[in-house]
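Order of writing sets the chain letters: A, B, C and D. Residues in each chain are counted from 1.
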Amino acid sequence: MVDLTDGRGRVRRRAGVRLWLSGLWLGLLVVVALLAPWIAPKDPLAQDLFLGRLPPFWVAGSEPGYWLGTDSLGRDVLSRIMHGARIALLVALIAGTVTGLLGATLGLLAGFLRGWVDVVISRMIDIWMAFPPVLFSILLIAVLGPGLTSIIIAIVVIDWTRFARVIRAEAMAQGAMDYVASSRVAGRGRLGTMVEEILPNVLPTIVVLLTLEMGIAVIVEAILSFVNLSISTDDPTWGGMIAEGRSAIHQSWWVLVFPLATLFLTVLSFSQLGEGLKDRFDPVLR
Amino acid sequence: MPFLQVSNLSLRIIGETPRLLRSVSLSVGAGEVRALVGESGAGKSMIGKAILGILPRAVEVVEGEVWLDGQNLLAMPPMARRRIIGAKAALIPQDPLTALNPSRRIGPQITDRLVHILGWDRARAESRALALLEEVQITDPARVMRAYPHELSGGMRQRILIASAFAAEPKLIVADEPTTALDVTVQKQILRLIKGMQERHGTALLFVTHDLGVVSKVCQSLSVLYAGMVVEDAPVRDFFAAPRHAYSRALLAATPKYTDPEGSLTPVPQTVMDAVRAEVAAADGVWHG
Amino acid sequence: MQLLRTFLMRLATTAVTLAGVAIIVFFVIRVVPGNPIAMMLPPGATEADVARLTALYGLDKSIPSQFLIWVQGVLGGDFGTSITTRQPVLDLVLGRLPATLELSIMALVIAVILGGAAALIGTRGRGTRREGAIDVANGMALSVPDFLWGLILILLFGVLWPVFHISGRVTPSLELPFTTGFYLFESLARLRFDLWLDIVSHMLLPALALCIPLAAIIGQLLKQSLKETMHLDYVTLSRTKGYGENHVILREALPNAVLPTLTLVGVQFTFLIGGTVIIERLFSYEGLGNLAIDAVINRDLPLIQGIVLLFAAIFTGVNLLVDLTYAALNPRLRHG
Amino acid sequence: MNLNRRSMLQLSVATAALGGLGLPARAQAIEELVIAYNVTLPSWDPTVGPSAVNPTIQGLYQSVFDQFILQQPDLSPAPGLLTEWGWSDDKKQVWMTVREGVTWHDGSPFTAEDVAWSLARVAKPETGSPIQFVWGTLANHRVEGNKVIADVAQFDPTIFKWMYFLTGYVLPKAYYEKVGAEGFEAAPIGTGPYMVDKFERNAFVRLKANANYWGGKPAFETVTIKFVTDAAARVAEVESGNAHVTLEVPYEEFDRLKASLSGTAAPVSDIGMIFLNDIDAMKDPNVRMAAAYAIDKQTIIDRLLSGYGVKIDTLQTPEYDAYDASITVPYDEAKAIELLAASGFGPDNPVKFKIQTTKGFKPKDYEMVQAIVGLWRKVGIEAEIEVYEIAKHYELRAADQLAPAAFYNWGNSVGDPTTSTGFAMFGPSPHSVWDGEDLIGMIGPLWGEADEAKRIDGWKAVDKYIADNALVIPLLQYVQPILHAPGVKVTPHASGALLPHLMTRA
């Protein structure tokens, strides 16, 4: 039977383009991050107070070699963005993965085992959801002290509910299916059933959430940088650059605009990748 | 010209070659009850939809005309077409369970058209609705007017939909398999109700169905649709006496006698199907089967 | 009856949630390094001065007994005294609450308008390029959080084309006749449209930044459920009644499509309120969020506790409200 | 379609009207002065709580309240509510003569009772004054005619300097006792040049001129001070004409706008410095001295602060009593490398330690530290930056747990060496992280030194010793940028307080 409801073919084609574009950008970012020490035109830490606030190459007053200009300390914006990608991706990868592992595990346990485990975990999710997340993260960083590890811990502590909520619901739905019952009838233990029957079925959801979470992690780092709580060495971070750029926006817009654009594209890409994957895994969803 | 005249109507899914309807023509005169018969998927619902201007978005009219009360609907701007259809025609839908808006009370769903399209005042519309509900044999119509659809049974809802279709005294009603979704016991009552209403109000009726038994009871003439084409157009009496087209004959043979509702189904023989297919392919040039 | 029981159950879980929040925040912030007392010591103070002030603020007692004292106070409506401002926490927090509520509500209203419009336009033009454009816009809006939108809006309307205020809540030189903290509403109620415009031009950018993701969610969800609804028989039937497509969408499809959107919007609205923390900072908007960040920076423990608890109360309250609205709007639940 | 276009047009007109609203005409004579202030006012009581010791807020307090003694824009004291003051010859008593004919904002007369009560109030520990340790050195305050006499419980040579420093305000005895602390907070009155007309917490305070001010009625009848904590927003306020005066804007913005507006940039009594904690690498004098020599203060000031700053080599600024221009620590990269080499360090084998800094607390604090770390890297010092908030700095400093190097700023608007070098470097003080016994020995006797000249010379010697051994790294004296509309004349106050009553129409 022909589906007459709407032009679905078109939607799916667009999802493909989306997947491609975001994948391309993230791939580029990974390559840049990996090769940053070799391909960055300058040392991201090298300062030259006499070359401060150089504009990007097409603006009068620029210096050759400093493609996107320099910040107030005379550091090369392009090189800092490139090296910043390393920290951004590192935070995204580690924080995303750990958050995913913790959240998905708790969600699976709650959704499949039910009973008191579910009650405890669900209540915890409720409590967590009642915290304003930005305030919570700022509080946590205040407790832990600034730094990469603290940011990752804060993201994990705050965002595990994102996974737990969804996976719990999915695990519950899967647990009600016949194949799970038959697996149990076949004599497999509860945990065994969970890992071998439920997990593979919720895995696509986990992957999608993971992608989205990575985008969130990048943003959280930027927000914490903005309230002066992020990584505090002079290592380049996008959030730190944005915070500096925001305060000198009238003198050197490029210090804000380029990292902001990079951050924007990266967050957009992670999210579009997640949405695209969701379509791929589950075409009925759309 | 008859009240409704469909001429050479061809439909297709946008972007695809095979047609859903191929040069379909049929007419319904004032007060006439015409059946539109065919297997599911033959495109008979599409005709009803095309007449009422509710084709799915993915379907387009390739050619043809639909004349209602002397006006060519397809040549009109959409809004004007809707107004005319709203004032002169109505639909009795197939599934009473989904055809009422679950979040609105029954009363307004009947009076809507009277108030908004015909410009009646609310009190008059409501008394009209009460009268209609009584006419379709609903007890305690005042309570039903205030009820939500989920509080009522399927049969009740179909009665309401019938009442609603007759509300604005349309000249034509398209009944799209109005009994298919109902219990067998209720089916007969509803059929009787529609027939009675049609006779009292003198409305023309296009009765879309796959059930020849129903046709013989209710209709005066019929059009048989197969693979998007009208293969036979005849008065009911003539059709049952001597169906002309091979498909019609097969269809009639496959239909349990209306006198014998429990009768077994005889499938349409394969050879007949092949013959029909060849005929259709010749007409269209290409057969995508 | 059913409704009442559900309501009471929800009330009980809400209480448990709030208690959990209270416990967590109390103990977490007492691990925070940084001493509010040390901050108020001028040059020349001695250890004895530190001890004296610490005792004055009750910070010399053990943490559990501090907690008991605090809980007793909270139950009696006393949230303690802010260390930095020496004002009762409750006064401070309630003083700022209207600003944040107004901002959130304005953002919600804009989100409903923008998202609703996007959904309606997308539904009207479904399958066409217009729907595609709306999908792309929604996707972008949804992918990027309020913080980045805020920065972009500042860049656009604060620097490139400076038409709106990018800081504060109202131009302070204006004479404010207000008796409540709800400037936006009160200026309307008093028919002071000059003030209202000024307030709106301060609030517009932060509200916009806050509402963009929510507007996208509303747009997407509502469009999806509208499109699903548009295929339903009763909608098709209503088309034959002679109405225009707009009427069909608004009157027949919308009421039924709104319900599934509503539950999600409730949760998303709490996210929006949570987003005020950083957005208020970004736009120097003097609401709860800004107060909260200052409180953390100054280690104003009683104030942090009060604010977090209030936020938690708002979040759970909104969710409760949404559930009740859902029940009230859904005729099946109402009578079932 | 037509309809849509028209409604779109209307919408954009409305939007334009909305946007245009906030821009009052700039050219008109200023009726009501609007100041965009960089901090909010948490509390109206200028004598207790953390806001009492926040230097930036003093400008607000001094508009409404008077200090015991007036401090002039160059930091020197002048007769204020007290017209004369001094010690008895045996230094066992202090005496103060109270100005007559002054009234409080509510019209009641100001008397010596108010002064005695104000002094006694903050001397009591239970009041919660953070400066109780100073005010507590006076006891038995009593009134004799228009004089106030108090006994000296413990001699403090700076006691009268505190009377124009933090918490040195006179409050109305009768009124305060009548309305209590909360009532005072709600409706504060003082003897100052302005009266509180309307106070919207965290938003603004509107002041009305005090026509009966003893120092003469201020030029502007109404002054609105709005609290705008965000620097960029303050710039926007004054640029758009929404505010007439603002302060503490980024120096680049100051330079950009001082052409179209007017600008004043004068040094204030606030310095940037790096605390050195005598732990780890900092025990090595070579490392400390190399760290000091490797910093090119002038270039940092020129490039990062657009030249707005005054290089200093001791904790005294030129305005302070114990300033000694002969003590210098020049920028000398070669010498730094040489000193480090003597301890076995170099660019390939750098000495490593941590440096803490605030970020965004003072102008370019974080950037300056980044620049310093860059300069250090060149000579063989690998410093890791850790950002902390000011609250954490205080705690760490009080607990003597600062990192080996920690950037901080130090305000001292009385200009006395005890409140700069004294508290910052004297081991037993909770503010000092330098615990060297030799320094304790040098500073100890100076606390109670009654001979003023000898006392100042003693402090100069201390500063010389500190500079020679690099026990702390003084960096610069801040310059306070004030932007204002051309129609206003602003007199900067070296304490950093922005005082509306010193503003006049140009």
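Rule of thumb we're sticking to: a residue touches a chain if its C-beta (ideal position, glycine included) is under 8 Å from a C-beta of that chain, and two chains touch if they have at least 3 such contacts.
None of the values given here were measured: they were computed from a predicted structure.
Visitor: Looking at B-C and A-C, which one has the bigger number of contacting C-beta pairs?
Guide: Looking at contacts between chains, A-C has the larger number.
Visitor: Please identify the chain lying most centrally, where each chain is represented by the average of its Cα atoms.
Guide: Here the chain at the core of the arrangement is C.
Visitor: Where the CA atoms of chain B average out and where those of chain C average out, how many Å apart are those spots?
Guide: Using C-alpha averages as centres, the distance is 52 Å.
Visitor: For chain B and chain D, let me know how many angstrom lie between their CA-based centres, rounded off.
Guide: The separation of the two C-alpha centroids amounts to 87 Å.
Visitor: In whole angstrom, how far does the Cα centroid of chain A sit from the Cα centroid of chain C?
Guide: Each chain reduced to its C-alpha mean, chain A and chain C end up 23 Å apart.
Visitor: Could you work out how far the Cα centre of chain A sits from that of chain D, in whole Å?
Guide: Those two chain centres are 42 Å apart.
Visitor: Going through chain C residue by residue, note those that touch at least 2 other chains and give them in order.
Guide: Expected reply: 33-34, 126-127, 299.
Visitor: For chain B, which residues are shared contacts with two or more other chains?
Guide: Each of 57-58 in chain B touches at least two other chains.
Visitor: Return the residues of chain D touching two or more other chains; collapse runs of consecutive numbers into ranges.
Guide: 232, 389
Visitor: Under the stated contact criterion, what part of chain A meets chain D in this complex?
Guide: Residue positions touching the partner: 45-47, 49-50, 52, 72-74, 142, 145-147, 228-229, 232-234, 243-244, 246-251.
Visitor: Can you list the residues on chain C that touch chain A in the complex?
Guide: 13, 16-18, 20-21, 24-25, 28-29, 31-34, 126-127, 132, 135-136, 139-140, 142-145, 147-148, 151-152, 154-155, 159, 227, 231, 267, 270-271, 273-275, 277-278, 281-282, 289, 292-293, 296, 299, 304, 307-308, 311-312, 315-316
Visitor: Chain B touches which residues of chain C in the complex?
Guide: It is residues 126-127, 232-245, 247, 252, 255-256, 259, 329-332, 335 of chain C that touch chain B.
Visitor: Can you name the residues of chain D that touch chain A in the complex?
Guide: 231-232, 235, 250, 252-253, 256, 299-300, 302-304, 359-360, 364, 366-367, 370-371, 373-374, 377, 384-389
Visitor: Flag every residue of chain B that touches chain C in the complex, lowest number first.
Guide: 52-54, 57-58, 78-79, 82-87, 89-91, 93-95, 98-104, 112-113, 116-117, 148, 150-151, 161
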